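Notes for the one structure printed next.
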Amino acid sequence: MKSYRKELTFNIPSRRGFVNITPQVEEAIRESGIKEGLVLVNSMHITSSVFINDDESGLHRDYDQWLERLAPHEPVDQYRHNDTGEDNADAHMKRQVMGREVLVAITDGQLDFGTWEQIFYGEFDGRRKKRVLVKIIGE
Amino acid sequence: MKSYRKELTFNIPSRRGFVNITPQVEEAIRESGIKEGLVLVNSMHITSSVFINDDESGLHRDYDQWLERLAPHEPVDQYRHNDTGEDNADAHMKRQVMGREVLVAITDGQLDFGTWEQIFYGEFDGRRKKRVLVKIIGE
Amino acid sequence: MKSYRKELTFNIPSRRGFVNITPQVEEAIRESGIKEGLVLVNSMHITSSVFINDDESGLHRDYDQWLERLAPHEPVDQYRHNDTGEDNADAHMKRQVMGREVLVAITDGQLDFGTWEQIFYGEFDGRRKKRVLVKIIGE
């Protein structure tokens, strides 16, 4: 069994945003030399997500508005977490809806994907450096 | 390390529906010959889910109504994704709540499950052929 | 490839609660002797979650109130699942928002974690014994 580890870094200039990270994950798979196995891609932070969905800007606007409806940022004093001096309690909730991680099969050295699947980093408390872990195991 | 790959196909006759796919996953594990490892089961589409919960029809009706409350299908013009000609933006959201994938331990050649755990395919934009990937690694 | 399996048991004295189980997962990794691989941690029940987020009591109170708003426990007769004699339909929904499982990379014999990542058991229908599965594969 082989394993490979890589960190990706992001600094989203706004509070929230989505970035397609599929090319970086594909590059990590090539670097690993692993042909059959699994790739785990997870946020190393608790106010952001890694998820798989469609690379369509209208959908991303819908996600942003929907998540803001499910867990509004304002008023920040509605959340006890924000009593600690933070203002990001909503980001901890949005991240639970969208998920921390994805696990994707590697077959013949490629992401074993359906037609429209793409991997995204979802930021809910940006404007600082954040890390994503790519861990690959297989042969 | 051994690996095994299988695709399952579904064509749900309505927009939304839940199907217990545990027997098909168990069959794939038998076919793989893998006794110790992990099985990844994921939707290859971005408007459907694979999740683990209870095989109880009342609960499935509750899930359907609850998801429709969190992310209503109508009016379709509330979503920018639907400006592309689609009417399935709500399905992309319902799928995020229910999840894309499950990962289950294989122990002694069996799904290592609690008493009530069953694997479901959750469709939120049906009436066409959809695929689920089963990828098994282990020994 | 090596594999290791361990069950953790919990009996939360109230209906809902969160427990930091990171030390128990770290202990299982030490017991396994696995230095490079993956650890799957999942609830073996369908009314509880395993998730990764912050060990901050204010946030846990926010999660509890937020989940209660998304899927209220009362009135119990709003859910068809509760026609079976149960009163825990809401727990099946809360668990879907928070997730069944987490998968964490093991690097150099340690949980490969960001600064604030901690693993939690999330109970939504407690006051009885529940199990969590830890399955580790690697080398």
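To keep things simple, chains are lettered A, B and C as they appear, and every chain counts its residues starting from 1.
By definition in this document, a contact is a pair of C-beta atoms (placed from the backbone, for glycine too) under 8 Å apart; a residue touches a chain by one contact, two chains touch by 3 or more.
Everything numeric here is computed off the predicted structure, so don't read it as measured data.
Shared contact partners of chain A and chain B, listed by label: C.
Two copies of one chain, chain A and chain C, form a contact in which under half of the residue numbers belong to both partners. Centroids built from CA atoms put chain C at 20 Å from chain A. For chain C, the set of residues touching two or more other chains reads 1, 38, 70, 97, 99, 103, 137. Chain contact summary for the complex, chain B toward chain A: residues 1, 3, 5, 38, 40, 42-46, 70-71, 79-84, 89, 92-93, 95-97, 99-101, 103, 131, 133, 135, 137. On the side of chain B, the complex with chain C involves touching residues 1, 36-38, 51-54, 56-59, 61-63, 66, 70, 97-99, 102-105, 107, 112-117, 137-139.
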